[in-house]
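Here it is, the structure, as structure tokens.
Order as written gives the chain letters A, B, C and D; numbering starts at 1 within each chain.
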């Protein structure tokens, strides 16, 4: 247990840390970058790199999902985004990229009000599958019951349930809530579910049988949940807490290893390094991939919270387009700010601190040293 | 007791926290927004939402008091403001909104030098009462003895005594100070009194028989008391301390529940969430409501400290007009920065963290995580 | 003793606090401003207000020394400044105020290279004395032996020895250093000496027989000692430490009370409040008085470090001219930023927190709450 | 051991401090600047001042190495920089200084892709040797085996092996890594090696027989390793830790004193003071010397990381040219920001705090007080 702080009479709190609060430190050993492995395996699937494209329309289209797969990463398509609401969303992506800031939220609220068409879910998944890469699609917990059969029938390899906060114990008086445990038990495909930001929430999600847990709460570049909801999940602490749940659950389950996937606040290669250092098995990237010149966001980035009909909690933000998706992942970098050659930087950081694989690197030393 | 810090030999201090220092964290349970209640009851009065418009000329006019009442909130009229000094203050409000920054303080010092006219107190209260909403008016502790009979005769439902710091034990050699305990005992209507910023000050105010205590010390958007007086009341700690006094006083009084109303530093829906998380029963809003297009401040905001004749300790500040008062409270929001749909955001935050009413939500977990 | 922090193996340090790190908090009692006394007495002299104009050419000329004296404060003339090097320094003050930033240091190095003329020391002191106010002049420890006889003969009431750091134990191989103890013992007039920034340094200065100790190390608005020398004396901690030395020395000396004068980092009325709250008996003001329209700096402010011939450690800085010296001290204020009505604000702060004199107010509660 | 912080379940970290987090404090004694010695001796060599020019093309050319030597300091030539790749690098230095920001990295990647010519190593070292100053050259650990014989044959007095992180235990599957211990044992000249950022890493380097250890990890003005690699070595803590290793190694080795050289984050004279206060014997300066009008960088500064072919982790940064190299070291200063008269400021700081030599000054008191 960490030291509790008394905020005032009868109200105590932990200090929680962001990636900006910490840094990795070298050990006494170094290693060649070429001797380092960044391989990540979940269920039957193995990837060259523990990088997942987030299910956001600015990050993953069917085309980028295929491209990411071919580059040894994983792209997750948002099955409630423009690609399942419109036959041809490309003109709409271009329109979003051209909206003036003042009316962007309003127009996006209108665009995403269009209903989801199940046949488009099927079609998008088929497109990706045909390319021969690992297929992953995401639904929100709210719409999972409505659409999951379409998704499963269309044939995904990994099923992602992603909301700002997903709990194993949702209470509703209106409708019977999704019973995650039963749902996952019944499903044939492995499920990755989140966000969770605490040890307890994550432990309960692990007990549902999920293959992976997303750690986060919309804390990313395009989010305003802290101003809007007062909720914030400092990621360094959250990842460490969920990694702690992974260890305890492994013991309690007699050996089931649930993957911890950091999802949020990861904007640079340095943040990827820190996420793994805190215990993540893989990272889900939004803005870091939206910066690619061939990302579907065309220089803009937004999440599902940005177009909520009555309570948007995020924004469409402009991002600098720094390089192609391949250069973003593998370089060569021509700028030195952690936005390109993400995998090269991860490799170099592991080598410099003397570690040879992702699992080992979770044990690297860190220090608390806030950015000045 | 919280950990004391030694500042230097023989001088110790507590670390005190602002709302910006903290954030609410999700628990393992989630809930539907529609299952959440934001109801607040004080004395015989029940409100849909625990939101109170502050007695400031930029926030509450008789018209806004009525509008807030009809929307399930409470507006408190400043009975020492322009509305009780002038027959028709609307041209003056327009003038204040058009003053150049350099001369605003000087002109406001002149405008507020005009005497208070008791018949206008009576008239303003009557206007609000006729609309059928809960009537609340505020006096400063300095002028309470002079005007309270007019106020009570005019018929208020809730009587607010509000100063930057109000103590149960004011010492004066010049005049007999207000004996709060006797005053409240003699009065027929429930009294809300403050600001108090510490456990002891609040406990003494509770013992006077007040129905509610305002927590704060002019720490809001329009205040400069920290630069001017060196005084500051970090609100997260102050609310928790006063909530602690509420609990102890309830025990000592054999069950009297005194409401804790956070008054200051609440600019966004996220701050409302945090105030309640720290133990507040309701929040008194200034700048957050002054941002309404139909607020009386017409895009400006100021408190009584801004026009003190010799020692102004606040400023008239320009605020962005974001939406109508109704949209500020209930949405739909078209910007995502915590300035509109305050009640929707509170509801969503309670739902996301699994709580169903305000009282329960006071127990939600928080973390210390300063804004970067 | 305060909690020590381990910076690294074998190197420990205390956390030290600035005025910006702290704030005063109200207690459970309040008081009328008119019932508050700000009187300060040192040796045979009593002042309406514990405010001292710093011996800096931008703050105190003979004319301002007289004006401050008449307003119940004390102005200390720098006896190594322009007024003792030039017959008529006013054109030079005007020239300094008109220098472009890029050449200001160089020109000031030249202006202050002119030798000090003893007859001008005599003349300046006589001017002030004739006005009937308390006369105080300052020398640096380096030049005290050379000029003190002139000073004493000219007739000062308070003798100030002020350097960035003054110790009771200066070591020099070149010349016999000033023996402070002997010097003070031999002198007829009370001596105020500093700066000191630590308990030990202050205790040793107190043992020399000084009437007052200046707390500080050039930490003010015009100083760059932190960048240049790596030295910094966070004032909240320094004042508390020296106040601790005052208490211990009073015990050890059988009752001699040495005044603690905060000298540095005091830019607003809020800072004056905090300095006294940490234990100061009086405050020495630089920039706060240089802001007066009738201050000799004509909108600029600098200290002796700014014109050191080979290692300047400060700058001539432009300051906003906010009001007359009288309004700066006593108001009325027409801006609300702690730069005018310094005494009114101190009074109000003492009243709001329930204290009635300076000595009592040294016990007021403070909290640690860094400026956001 | 310092207090550990729990970041989250199962992940603990130390708080680490930068130079900006700390300041030196005066003691009770002061001293004359002229009585202070800044002499530094390593192996058979003695320098007037503990200042080393970093092996970076923007800081040290053969000409500046000679100039620094004549001024009592030490300049280390980068033997993998432009001077050993090109017959006449001066036009290329001028070109780098004229590159637009957007293409600087790309062009530098190309310029530094040119092979190193051993005969130029020989020639550059000869030039410096002829001037009669102490000769020091640096190789990276990667190229040490390839070029050290050329270097030794050319005749260096001090051999520097400098990388972002150098460990005594490099692991490589591709080639036999440099066995530092054997290498240093076989070599005739004293070796300075680093960077190391931790107690353990430094202790292992000390055991290789090195005469000095560089403390740092490219944390300087021109580096972006924190954003890129997530690695950061807060220098105050790192220097103290390595000074701790020096003490422990001295015990374990029966008296061998290994010099601790702070290398990174030292931009002003204040930082030099703090580095020594934390235990450094000498400092290696980059940007602080690149600011000289006669530095080879011509107003720009960069390190080897800035031109890495696939993963640049630094930038060419523009620096203000403040004075000649001699004025940077010895003044007189005409600006007061810690960029000129570095040695004078160090001297003054030691005198003000009462210390007379570098070794003693390592014991000066410091406080933790972050820059506001």
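In this section, a contact is a pair of C-beta atoms (placed from the backbone, for glycine too) under 8 Å apart; a residue touches a chain by one contact, two chains touch by 3 or more.
The structure displayed is predicted, hence computed values, not measured ones.
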Where chain A and chain D overlap in contact partners, by chain label: none
Farthest-lying chain, centroid of Cα atoms versus that of chain A: C
Same-site or different-site touching of chain C by its copy chain D, using the half cut: different
Approximate Å spacing (C-alpha centroids) for the pair chain A, chain C: 56
Intercentroid distance (Cα basis), chain C paired with chain B, Å: 40
For chain C, residues that touch 2 or more chains besides their own: 15, 17, 237, 371
Touching residues on chain A, where the partner in the complex is chain B: 5-11, 13-18, 20, 105-106, 109, 164-174, 196-198, 200-201, 203-204, 217, 224, 226-234, 237, 305-306, 309-315, 370-371
Contact set on chain A toward chain D in their complex: 1-3, 15-17, 22-32, 34-35, 199, 236-241, 243-245, 247, 268-274, 277-279, 331-338, 341, 344-345, 348-349, 352-354, 365-369, 371-372
